[in-house]
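Input: one structure, supplied below.
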Amino acid sequence: EVRIGASVSATGPAAFLGDPEAKTLEMLVEELNAAGGINGEEIKLVLYDDGGDPNKARTFATRLVEDDEVVAIIGGTTTGTSMSILSVTEDAEIPFISLAGAIDIIDPVKPFTFKTPHTDRMACQKIFEDMKKQGYTKVGMISGTDGFGASMQAQCKSVVGDYGIEIVADETYDPKDADMTAQLTKIKGAEGVQAVLNPGFGQGPSIVTRNYKQLAIDLPLYQSHGVASDGFIELAGADAAEGVRLPGTALLVAGLLADDDAQKPVVTTYKTAYEGKFKAPVSTFGGYAHDAFLILTDSLKRAGSAEPAAIRDAIESTSGLAGTTGSYTFSPEDHLGLDLSAFRMLEIKDGKWALVE
Amino acid sequence: MKLTPKQATLLTLVVLIALTPFFFPSGYYYRVGALIFVNGLAVTGIVILTGYAGQISLGHAGFAGIGAYACALAPVHLGIHPAFAVVLGALISAVLAWLVGRPILRLKGYYLAVASLGFGILVSMVLNNERELTGGPDGIDVADLGLRGLLKDFGMDLTNGEFWYFFSGLCLLLGAWLALNLYNSPTGRALRALHGSEIAARTVGVDVARMKLNAFVVSAVYASVSGSLLALQNKFITPDVAGFMHSIEMVTMAVLGGVGSVLGAIFGAGILTLLPQVLTVFAEYEQLVLGLVMMLVMIFLREGLLPSILRKLRGTGE
Amino acid sequence: MSDRDSQMTLLSVEGLGITFGGLKAVNDVSFQVKPGEIVSVIGPNGAGKTTLFNMISGIYQAGSGRVVLNGEDVTGMEPHLLARRGMSRTFQNLQIFQSMSVLDNAVTGYHLQEQGSILADLLGLPGSRRRAEAARDGAMALLGRVGLERAAEREAGNLSYGSLKRLEIARALALNPKILLLDEPAAGCNAVETAEIDHLIAEVAASGVAILLVEHDMKMVMRISNHIVVLDHGEKIAEGDPATVSKDPAVIAAYLGAEHADR
Amino acid sequence: MSELLQFLFSGVTVGAVYALVALGFTLIYNASDVVNFAQGEFVMLGGMITWFVYAAGLPLPLAALIAIVATAALGVAINKLAIEPARGAPVVSLIIITIGASIFIQGGAQLIFDKQIHTFPAFSGDEPLRIGGATILPQSLWVIGGALVIFAGLWVFFTRTLLGRAVLATSNNRLAAQLVGINTNFVMTLSFALSAAIGALAGVLATPITLTAYSVGIGFALKGFAGAMLGGMGNPKGALVGGFLIGLIEALTAGYLSSQYKDAAAFIVILLVLFFLPHGLFGRQATQRV
Amino acid sequence: MLTVEGLRSRYGRIEVLHGIDLSVDSGEIVTVVGANGAGKTTLLRCLSGVQPVTAGQITFRGEALTPVPAYKRLRRGLAQSPEGRQIFTNLTVEENLRLGAFLFNDDRVEKDMEDAFQMFPILREKRNLAAGGLSGGQQQMLAMARALMGRPSCLLLDEPSMGLAPIIVSQIFDVVRGLKALDVTVLLVEQNAFGALKIADRGYVMETGRITMSGAAEELIADPRIREAYLGI
């Protein structure tokens, strides 16, 4: 038996992200064990719900390491919980694969810490790349004040200059807010603004999108990967969401992928299994958990041992492993394993996701 | 020999802190123990404010936040040792409590609750929004206290978990001792008196405004030190420490255990810290159980868990 | 009267007045109290007696006039500062520290004597403990004086009305006041209990404490007062020694009633 | 100018939601001196149950009705099982009990429903109304109208009916209320039922604007609580004005100062108001003679 | 009309009524006297149903009263003016009175209120003010008037003369005596034993939770033990 630990935020403010992550992990373990486990050994998943509280996450990480004696940990739905967990796992020298976005988690590189999602910075770069292609030079930004939004806001501001773009309006909203017309009105009135970017997750971006339509702002609206799920279109209303662009993963456009796309099989399999089992659409976040599990099991197989150091080395030698988020190639210097190409620019057309390229 | 309640409380705590580690199957239990002590410390402050003086605060996590971020920021920006950062945080909390307390402690009941709530929200908002300084919602690293290394030089090689268990335990003992001293002291009595009737307290010469402020400041220092210990222990801190939920948690622990007594409140901290750890098997029902426990205890064991249990025990003894 | 004038005044109320939404609850009331003297304020219900007490003891802000205590103008001073200057009182509507023990209620009266710095209290310094013990002993003795020593450890909220009245007196005495304001101390007590309180008051006055008394029990008032002030509709309508006042036709009409005059 | 108008529209939209929540607090508070922190969960349930039933295929009005009735029943249950047995407990205990109830309901909702965000169609479409260069959604008018109607109803109830006074009497002096023949248990039950129904109605009206999820309750409760306290707890007028004021302050601060600190502005205003009026804008201090 | 047999009651673990036997006939005025803490208030609280009874029987107009909840007892004709006055401090004087007549919705309410104002003119002056602002004695009058608004057939009065000016005290006793003419039965607890016994038909003496003496009012007034212990003569 090989024990794998996980601490995700299945409840609390990040439940929207953590819930599909937890479900995904449980589903995958079940599937794997049904198929005979790894190298003949059964996998046991010890899963805790940290409710998004970094303090709890740290306690659970300690518990996983000291009491449950797991060989590796997946988790950390939010950056805060990930940072808490990694200080425990680094101390204990146990591999940890984070599901959160911030670049700080793997930069600077820490020996035992990896992550599956793209960094915030990459999302910003992808968006600005597209904006630059469209010829926009002045954009407005409205972000949530939660960890995701705030981190995106900071990263976007730090890379925006590289694309010759200027942020002419920078507004925020509380994730629980019910109306963002005041902020949007302000952005609308900003001098020369050509497009608007809204990094955030949860209900905020849906409301922003609705308000955007209410105010009849006729500038292009960019969202972030934080809303990359079908739920967003439903909540914002297909009408309001029409034309919204965002950087997303292959998972959202499974049907549109070219047949020779390396990610196509894995994305389709996961989507079918998840949607069949839980009767709910897949989300990018569940995909992160999927990929973390994939990387870990792949490494376990190759390591041939359940020694944490061996697993770490195996992860670092992962190469060209196709997941739902992208194709992972790790190295001792790169614990993210993705590059910009993993992101695909998507646009909502007729209430459906469409590839821009 | 008959022990005074104060001696009994301290003895109980010493025995618990010293002996339970013998039963710990793994290092993880030290972590939980340390958390209980850190929460117990904050909750002892609530006993002074709410149990003794009858004032409600739904914003005390704000002070915990200040204590925590003092430990994160002062060593980096002021170059002082983390230990002094704890003191600095406590000082800032005290001063802030004094400034904020003066106007808001004139309010009563729910009005005081909403004002203190506002204060807590302001602090957590600053911690969230001033990203350049505080790292924003994603949190910030905290320097190492360095005491563990020092002990090592003296031949005491403790694991991180063990060190924080005993260190927080010691801090809790100190905090409990102070609070217990206060109970039967003139100040403690004055606090309990103004809890009963402010007007009568004033006519017997109690400077009600000052007394309330005293209680508020002292309890703020408790919260601040508790926040500092948490930050130092975790070596990483996020604004959650100052959030509304943490304020509620403090009050709930105190009231659930028995806000009228130090031991009771610490007991409450223990129960509520353990609860989620015990409930991991039914994680889905955690909230249901927590809510149910809160309601049931308050309904059936009104004075809080420990005092009610003790009363029952004594009742059958009679 | 001349006997009164010869002594130095402890409390002097000068033209005190207050209004509540147009109602002149107390209007231009003046009188004086000297050490060791028992001065009673009587008058019909709603005459303004309690309101007068509330202004003197700093609970209400007087609208007009002055209160002079020991030569110092203390008008509008906070009650706790007045307590420091030797003023102490009981309440018509009981103000008890309900969840504290009877003894602790009384000990609280010693607050000013036992009070130290909060730091000393937190650290449990010996001085702080000593003062607390002294206060405890004194309070116990006072409870004995009002006949509550057997209830000392009971929770105060559980006492009957009459017992609470006496507890308030004990607490007020604990301040070791120069002047004691008693608002209907005998209310809810039967004739025999009233007589006990009577004695207690006389005893306290004999030790040099000035007493200002509001009471509707005329037998008691007439028996122990040195001087009586009569209020009606907030105004002082008469003043003098018991004999004079009880014969005053205005007082009989407004307050005592014909029946009383007969007796 | 149209900018200001837009901020005001934004403010009244949000403010009306807060006002509705704040009004829900009023009844229970007036009957029992309890600030029911589970009020936000009633709002959540109003939205979630409506969505659930609507998604199951029932027409929207019927779904809304079911949600309101079910929530009212839950309110009664909370009173019977949690508030009534704890009668006379101190304020902190009551805060803990109602927060406990709130956590409990939230925990139940995430099991019965799910953890996703939901909504249902606006009552009168999504086509914004244009007024003076600014826009407002028809659903906002529904919410504002709802707040005004509930306010008027409560105002009449408390000032014009004997039953309304019996509610006030019950909280003022329960013993005396029983002695004059008031069935205080019934009064409490009624108050909880109505409060919960008002909360659920708020959820039904607001969800097309605010969206809903199992966890939205506490946010509503806090803002509604703040609004009610700003206006003076227990006074319907206070709840209405307090709720709207907070909405407006937030929108204007977001519009003219800083969207980051708009919540701060609301709380600073509350602190300032309470500094000068310790019982809120319309709250009266209880006259207590000594 | 009202009989009490073997009534026991306790606060927590402490029993304060140890078996009270007492009866009041229709149209009678009966008084209970006793020292502080004897249990008089507790007795009245048991009668009006706000204090749990641990043993014994209360029968009112031939029906067992014990299972009837407090709020229904006024409907049966039992009203109380409680110790500590217990008025609705946040409501106006008029609202207090109207709530006294909570059970009734007829023209007589106005008339009864007029009577109350007649009896205590000060209440008319203060009718629109918060009752909490009234002076102690005024509140006492309000409590009494409110109890009368409930149109009781049996009135329980707990120290109605407390805190009242002598002129009003005699007036209150006159009112109580006048109730007799209206066929209202009165159970009167008084510290002013002399005044109470003078208007009462019969009296009971209560000591630490027990009835120790009873008899016709004149007899009690004449009894030397009573004179010494309660009348202070």
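We just call them A, B, C, D and E in the order they show up, numbering each chain from 1.
Note that in this section contacts are C-beta pairs under 8 Å (C-beta built on N, C-alpha and C of every residue); 3 or more make two chains touch, one makes a residue touch a chain.
Which chain is which protein? Per UniProt: B, D = Inner-membrane translocator.
Because the structure is a prediction, the values reported are computed rather than measured.
Undergrad: Under the document's definition of touching, what chains do chain C and chain E have as common neighbours?
TA: Shared contacts of chain C and chain E: D.
Undergrad: Most remote chain relative to chain C, going by C-alpha centroids?
TA: Of all chains, A has its centre farthest from that of chain C.
Undergrad: I want to compare two interfaces, A-D and C-D. Which one has more contacting C-beta pairs?
TA: Most C-beta pairs in contact, of the two: A-D.
Undergrad: Please tell me the distance, in whole Å, between the geometric centres of chain B (Inner-membrane translocator) and chain C computed from their C-alpha atoms.
TA: That pair's centroid distance is 42 Å.
Undergrad: Find the geometric centre of each of chain B (Inner-membrane translocator) and chain D (Inner-membrane translocator) from their Cα atoms only, then give the gap between the two centres in Å, rounded to an integer.
TA: Centre separation, chain B (Inner-membrane translocator) to chain D (Inner-membrane translocator): 31 Å.
Undergrad: For chain B (Inner-membrane translocator) and chain E, let me know how many angstrom lie between their CA-based centres, rounded off.
TA: 50
Undergrad: From the mean C-alpha coordinate of chain A to that of chain E, what's the distance rounded to whole Å?
TA: 74
Undergrad: Mind pulling the chain A residues that touch 2 or more other chains?
TA: 10-11, 145, 172
Undergrad: Got the chain D (Inner-membrane translocator) residues that touch at least 2 other chains?
TA: Each of 110, 260, 263, 288-290 in chain D (Inner-membrane translocator) touches at least two other chains.
Undergrad: Could you tell me which residues belong to chain E and also touch two or more other chains?
TA: 133-136
Undergrad: Please give all chain pairs that are in touch with each other.
TA: Here the touching pairs of chains are A-B, A-D, B-C, B-D, C-D, C-E, D-E.
Undergrad: Provide the residue numbers of chain A that touch chain B (Inner-membrane translocator) in the complex, in ascending order.
TA: 10-11, 47-49, 51-56, 58-60, 62-63, 65-67, 78-80, 83-84, 87, 91, 102, 104, 145-147, 150-151, 154, 172
Undergrad: What part of chain D (Inner-membrane translocator) is in contact with chain E in the complex they form?
TA: Within the complex, chain D (Inner-membrane translocator) contacts chain E at residues 162, 165-166, 168-169, 172-173, 175-184, 286-289.
Undergrad: Across the complex, what residues on chain E touch chain D (Inner-membrane translocator)?
TA: Within the complex, chain E contacts chain D (Inner-membrane translocator) at residues 48-50, 69-72, 74-75, 79-80, 82, 86-91, 95, 98-100, 102-103, 105, 130, 132-136, 139, 146-147, 149-150.
Undergrad: If you look only at chain B (Inner-membrane translocator), which of its residues touch chain D (Inner-membrane translocator) in the complex?
TA: Touching chain D (Inner-membrane translocator): residues 50, 54, 56, 58, 103-104, 106-111, 113-115, 117-119, 121-122, 125, 129, 199, 244, 248, 251-252, 255-256, 259, 284-295, 298-300, 302 of chain B (Inner-membrane translocator).
Undergrad: Touching chain C in the complex: which residues of chain D (Inner-membrane translocator)?
TA: Spelled out, the residues of chain D (Inner-membrane translocator) in touch with chain C are 288-290.
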